[in-house]
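The following pair of complexes shares a single chain, chain A, combined with chain B in the former and chain C in the latter.
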Partner chain A sequence: MEKRIGVYICHCGGNISDYVDVEKVRQSVENDDNIVLAKTTMFACSDANQNEMVEDIKNHNLDAVIVASCSPKLHLVTFRNVTERGDLNKYTYVHANIREQASWAHADNFPAATDKTIQLVKAAIAKSRTTKALEPTKIKAERSVAVIGAGVTGMKAAITLAEKDTHVFLIEKESQVGGWVAKWKDLFMTEETGDMIVKQLHEDLKKRQNVSILLNSEVIGNVGSIGNISLKIKQKEEEFDITVGSVLVATGFEPYKPKEDEFGFGKVPNVITLPEFKQLIDHEKGKLMYNGKKVENIAYIYCVGSRQPEGGNTYCSRYCCTATIHAAIEARKKFKDIQNYHFTRGVRSYGKQELLYAESLQGGDIFLQSYEDDLPTVFARNNRPVVRINDILTGGKELEVEADLVVLVTGMAPRSNDTVGSLFKLPRGRDRFFNEVHMKLRPVETVIDGITIAGACQGPKTILESVNSALAAATKSYSNISKGVLETDPQIATIDVKACTGCGDCIPECPFDAISMVEDKGKTVAVINNTLCKGCGMCTPVCPTDAIDLVAFSNVQIMGMIDALV
Partner chain B sequence: MKTQNKNITYDALVIGAGIAGGEAALNLANTGFKVLLVEKDDSVGGKMILLSKVFPTLDCSACITTPKFSEIARHPNITLFTGSQVSNIKKHGENNFTATIHKKPRYVHVEDCTACQKCEQVCPVNVKDQYQYNLVGRKAAYIPFSICSPKAAVIDIDNCTLCGACERACPTNCIDFTMEEEVYDLQVKTIVLSTGFKLFDPLKMPRYGYGVYKNVVTSMQMERLIAPTRPFNNVLRPGDGKMPDKIAYVLCTGSRDVTVGNPICSQICCMYSIKQAQLLMGALPMADVTIYYLNIRSFGKGFEEFYEQAKGMGVNFVKGKIGKITEKENGSLILRYEDINSGKLKEAEHDLVVLSVGALPNNEAKGLFADNLQLDRFNFVDQVELMTSPAKTNIDGVFVAGTASAPMDIPDTILSAGSASSEAISYLMKENAPQPPKSGVKVGQFSGC
Partner chain C sequence: MATINPKFGKNLKKYGGFNFNACYNCGNCTAICSISTKDSSFPREMVRYSVLGVEDEIITSTKPWECYYCGECSTHCPQDANPGELMMSLRRWLTAKYDWTGLSGLFYKYLPATILAMLAVLAGVILFANRAEWNLESMLHFGHLFEMIAIATVFAVILAPNLVRMWYFTIIKAGVKVPLKTYLTALNDLLVHMFTQKRAKDCDDNHFRWLEHLILVFAYLALLFTTVFLNWFGTENLFVIILGYVESALIFIITVDFVKDRIQKKKALAKKSQPSDWFFVIWLLLMGLTAFLVRLFIDINILESNKWMYLFHLMVLAQWALIIVPFGKWTHFLYRSFAMYFVKIKSMKSGVKVKK
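Then we have the complex of A and B:
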């Protein structure tokens, strides 16, 4: 039977149609073989258009649908579901990305963008002609989650998952829970102290029968995929395996460590970092002393290790402005004769934290602000640190402060140890923190199904924000496994046993260890483990006899697409 | 007006179908709970669906919002009420809440309406279009906006003259003036409050001339001017329809300002202004855009880089608070400000001024409750366990999501909604679980607990 294909070309509200002549694209494909219907639409993804597509499928007896719009990362699933509602097999749906690959990429050349779009749509049509109905693979999901990292984020995630009748393995490489927050006393926006919060969460965890806290433990192996992930754990000298349905990564951050002589660090006396200063004011009593001398003038230098020029940490660490303002207020309240000088690059006490900034100003703290291309300098004079600045707030005056203590407001940096990231193949952003699927709408999910990220391993966060992300990630991890059965895409590699010569060239190429050699009718051949294979296609090009083919990206389909493109 | 009384039961009631409520409803529904999502407006989507693009990804807001709401609309576990108000929420015990829902008549049978807009064409009434933030007009019989959901006409009965033209024009006979308000008695086990925020009304700051000078607009009006579903298909200044070429942004309008009663920072205005500036430089390549700021707060993931990108594109950043705006005869505006870099008072002329208005609490949340819902000192919903359970309110079983508790951007809203739904699921399961859960895993084999 001849295929009956419907094609929709999306304006994307101007994102495509401002650069691509969508009507010309429509006209150039409407008379192609198998094309029953070709339409343009303002927003293919809108509810109204989705309903129209379902109607079209029925009224025109379509058996395949193509939408040419944005990246399939955004809407492949959306349109597969539309075809399913039109009673088609959802794997017959083909997506053409004409936004990221044409209109946005060639915004400087409209005719070329239109020509490329036409080719991309024609390639999609070529693929569509040979698509076949497929059934999703069903997997039984383990009702358990591994939470990696037992800081506040990991602890909170573990509690909320345990409340949902889910077994949790809380895996921590240190000998105790609590991460950085366990070391902190006073916090901003709350009367609670860091160690109190950790204690409270720990007490809660200890009461729960379905939480296994694994201290001194690291994940060293990972096999399987969403629903059934087998992790190898190394606990001191011992090694054992656990099986979970989902993994929640909460490996946190590292405080930025200033370089030698960065704002005098390690060279000028009495220059310390913010975490060191927090420890100092939390533990000193009566008088604030440093190196045997009383501290009165304190200079805080902001954005150390944050907002650096290209090549450094270009991001803002978000928590440090308010953390510093708060620590300075605490120091002033707790010790006598303290004068705080804040050398800022513009204070970012966002939201309700603004009140702390106001309190700081009213209490007599002095704020200065440096020019972006002229940061403050720290040097020693008579064995005492001096900070010099050209201050915006006094119209560019050069000012000096002789300080007893200089506090470098160090930001959050991603973990330098990438064991967990590389084990789960988690992508990192330009800032080297773990990357989410979508920055706006899917901030705790990763491109690896079943693996979620929470807390500061995704980017700098306050405790409140980390806890919110812990709960959000736990919800997503839980919804992966809550139904007990999972559907995954059947797009995997297959091996033609007759053509396979058993050379084994494909085995080292597979990043998921999904291929092994077996004896079949007196012949050694390669075989694919369907639950491990992700359909990445690494094995297909190395096969000397073309015995390996990918379901839904078959050699025939790819060749057809190439023919349409060239 | 007659009312019908219908008793309905759900696991969860989610109040407010903006992005926070939508995300929370989906999380609950995807884990098997029955959700009633109630929205007082005639369309779901809240403020996000009306935005142009979002920072720092510059994703088209409509493109990423509509599929989510499409999923909500057809989720088997979600029932959606638009044009409906919740009131009289009472707690009778754990997992036992009652509430009343007033579903106001739309005067259109949504299931029959094809959104053909014939009623719009014949309606003789012109009023300001609230979805375009009063930049243009609409009819009394109208489709709220082009990507609204449900996509169906609505009759604005307050402005309708009852002439009957729409009824006669409607090809499917879906317009029905006999519809009445429906009242439902609702029983639910848990509640998520996602009532969102209000924008600061710049009429409260007469020195900026909003409402008097036509070329002073709010940032939300600018969102509409540059959105894909924009009213003019171009960026035009409202005073005379001229394309602006010297645009000013006034940050912290109604934020960080005790004189208007809002001492806190709204968290979003710096970034949306920077985003709009970038979009304007694309839409109007010859235009100059200047942002007058106190501090630029680009603190989120990718935000600082986005700010640097705007500087690289040539957006002008001037540190200084605008004292006063006056209008010239040609409709252009003179901004008087303290230029902090030079320490001098200065004046600058712009032909369009955008007031970056702040986010204020939605005061309606408290009124939904017969019980006492605790607010914080700014009138946001109080988060009683701020550090360890940020979604908890003073009423056990009622959780807060998104900007109902504090100003926040979209990623933080998604996290907050995830947080609220997680707490709500736990709360629902606590009641449903008769025994301690069996996990089938031997705990004893691991040390270090």
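Then we have the complex of A and C:
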């Protein structure tokens, strides 16, 4: 049966029609084979036109439509939905991008823009002729989730998932839950201490039947894909497998460890890091003593291991300005005669944390500031640390403070142990933290389906921000498995078993580990894991016998499009 | 190289009602100041030095004297740090530092010390009256004599050495070396600024206050001249008598307006009055008032039966001359003009033009 195709050419309110003669485009394709209908429209995406398309599909008995308009990133899904409303399979829809690729790109040459548009539309028609209806692959999904890391993020995520009747395996490497927060006492903006918050979460988790807390445990193996992921767990000497539908990674951060002699660390006496200082003031009573001497003058050097000009960590660790100001205020309140000197690179106490900065100023803390190309120096004098700075707030004047204690405000660094990251093939950003798919719109998903990330493993976060992301990732992981069945995109690679020689050239090309070798009727052939394959097409060009084809971007279709273009 | 000394700021707070801890170094104060220039910018810099306690930078600076306290900086400070009042406090602190006797600092920081000193002078006046056996003629005679001696002594013993100390701090300690001729060439600036406060006219919203101040300065100096050298209370010359009336009335009227401002607290400069400000303006008011009344009592012939009026005037005068002039706010008359003089000298050395 001959295919009946409808073509819509969009003006985009002038964005296209100001440069491209859309009527000429319409005329040059309306008499092509299979074209039943060719129209121009002011806005293809408008409700009126969408409804007209649905009517056209029914009245003209169309079995495929093409819209030539903006980028498919903007409206591919829109028109696929229109196709479905016209009772067609949505994968029969073909999109031609004539705005970004023609009218905008060739705004300086109207006739050429029109010619190119005609060719693009003809290519789309060529593709449409061979487009087939497709159905998504359905797979069973285990209603359980593994949460890796039982810090505040992991614990909160586990509770959220458990509330949704999902079995949760909370996997923790250490012998107790709580991570860093369990070690902290006073926190900003709350009367609760860090250990109290952890205890509260722990009590909640213990009450739940559907949460298994696995302490002293590490994930050492990962097989399968979204919906059915088999993890090998090593708990002390014992090894066992669990099967989950989704994995939520919340492995957290490590405090930056200063290098030898970085701001005098390890070389000048009485130079410590912020976590060490926090421990010190949380546990000292009465007088603040360090190395047997009373501490009065404390110098804080900010941005150690953060906002480094080059080579190192260029990011801002976000939490440290507030954490330092908070710790300094706590120290001043708890102990007598404390004078705080903050050597900053600009204070970033955003949001409500600004109140803390104001409190610190009012209490008499002194703030100095340097640029990244002229950092403060720390050296020893009479066995005491001295900090020297060219303070930009004092017109670059050289100032110094003889301190009793120098606190290096160390930021958050990614985990140096990469077991989890490499096991799940989680991509890392330039900052070496785990990367989300989209910073703003998909902030907790990874490119690996079914694997979500939350908390400080993704980048420096405060407790509040970590918990926010925990809730988001738990919801996202839950949505993967909630129906018990998963649908995956059918636009993936397929293998022609007859043509496949089993050479294996395609395997290293696949970024998702979706190809493996199996025995089939006495010969070794490649096979695609439908749930792992993303349809990226990396494998197709390397196949010496053209045994691999991409559904919806098949060799026949691509060749047809090229023929139409040239 | 300077060492940070937070204790400085704690001490400075005894000199005025500012809150420099609130400062987050935005610099709005300097931006809004109509007399701060690129080469000589304030008040943020002075706020910063005060916070850090870089005493050397402050004591060698003339900038506190270059500010005439229009109050714009305090009005526009987003943190209510009150930089204008800080500059005022620095002027008090500098006054205390210039004073070799140390009494200025004592009086600024401790109100009871000022009150005690005032009472001591009162006691002295009563003793004096007692020794003169409450004889009006004798009291008038010695009172007039006292005026002359007090002016000469206070200037020679207190004010002149203090000016030398100011010169030492702002010129020598600051490392400025200029030939003697420069001091003579710049002398013109000293006189202009001393008698006109010309620079204050550059303060944006300040023209009426400047005019009031100008009239007050001339009325005060003229009254001083009229009473001391033209012997207003003893003269028969009608012109001198009327002149004295006009001068004392002007002093009274203008100081009443100043006191009213300080009570109403509408303007930034009048919001944080310190005891030294009150003493200065009220005693000046009383000087005008009592001088006027004493001469009036003479003219309507009732002073003989109201000797207390003269004694009251004498008390005000003595307290003024012995406490407020040498150790109080009066000294700004000298320090401000000398500061402008030194600024001029410094500029002549470096060849930098200073905005007048």
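Note that in this section the second predicted complex is superposed on the first by the 356 of 566 C-alpha atoms of A that agree within 3 Å, B and C clash if a C-alpha of one lies under 4 Å from a C-alpha of the other, contacts with A are read in each partner's own complex, and residues count from 1 in each chain.
Assume a contact is a pair of C-beta atoms (placed from the backbone, for glycine too) under 8 Å apart; a residue touches a chain by one contact, two chains touch by 3 or more.
The model shown is predicted, which means the values in this text are computed figures rather than measured ones.
**Student:** Using the superposition on chain A described above, determine whether A:T314 touches chain B (first), chain C (second), both, or neither.
**Tutor:** first
**Student:** In the overlay, answer first, second, both or neither for which of chain B and chain C A:Y341 touches.
**Tutor:** Second partner only.
**Student:** Once the two complexes are aligned on chain A, which partner has more residues of chain A within touching range, chain B or chain C?
**Tutor:** With both complexes superposed on chain A, more residues of chain A are touched by B.
**Student:** After lining up the shared chain so the two structures overlap, which partner does A:L441 touch, if you call chain B first and chain C second: first, second, both or neither?
**Tutor:** So A:L441 only meets chain B here.
**Student:** Tell me the contact category for A:E402 with respect to chain B and chain C: first, second, both or neither.
**Tutor:** So A:E402 only meets chain C here.
**Student:** Would you check which partner chain A:T394 touches, where first means chain B only, second means chain C only, and both and neither mean what they say?
**Tutor:** both
**Student:** Who does A:S479 touch here: chain B (first), chain C (second), both, or neither?
**Tutor:** In the superposition, A:S479 touches chain B alone.
**Student:** Between chain B (first) and chain C (second), which, if any, makes contact with A:A358: first, second, both or neither?
**Tutor:** both
**Student:** Please report the chain A residues shared by its interface with chain B and its interface with chain C.
**Tutor:** Common to the two interfaces on chain A: residues 358, 393-395.
**Student:** Spell out the part of chain B that touches chain A in their complex, as residue ranges.
**Tutor:** 19, 23, 27, 30-32, 54, 56-57, 59-60, 62-64, 66-71, 73-74, 115, 146-147, 149-151, 227-229, 256, 263-267, 295-305, 308, 319, 340-344, 378, 386-391, 406-408, 410-412, 414-419, 421-423, 425-426, 429-430, 433, 436-437, 439-441, 443, 445-449
**Student:** Mind pulling up the chain A residues that touch chain B in the complex?
**Tutor:** Residues 12-15, 42-43, 45-48, 50, 70, 74-75, 78, 85, 143-144, 156, 160, 163-167, 187, 189-190, 192, 197, 200-201, 206, 209-210, 212-217, 235, 240, 306-307, 314-316, 318, 346-355, 358, 392-396, 429-431, 433, 438-444, 458-460, 463-465, 467-469, 471-476, 478-479, 482-483.
**Student:** Once bound in the complex, which stretches of chain A touch chain C?
**Tutor:** Per the touch definition, chain A meets chain C at residues 339, 341, 357-358, 361-364, 366-367, 388, 391, 393-395, 397-402.
**Student:** Can you list the residues on chain C that touch chain A in the complex?
**Tutor:** 1-4, 6, 9-10, 19, 21-25, 45, 48-49, 51-52, 54
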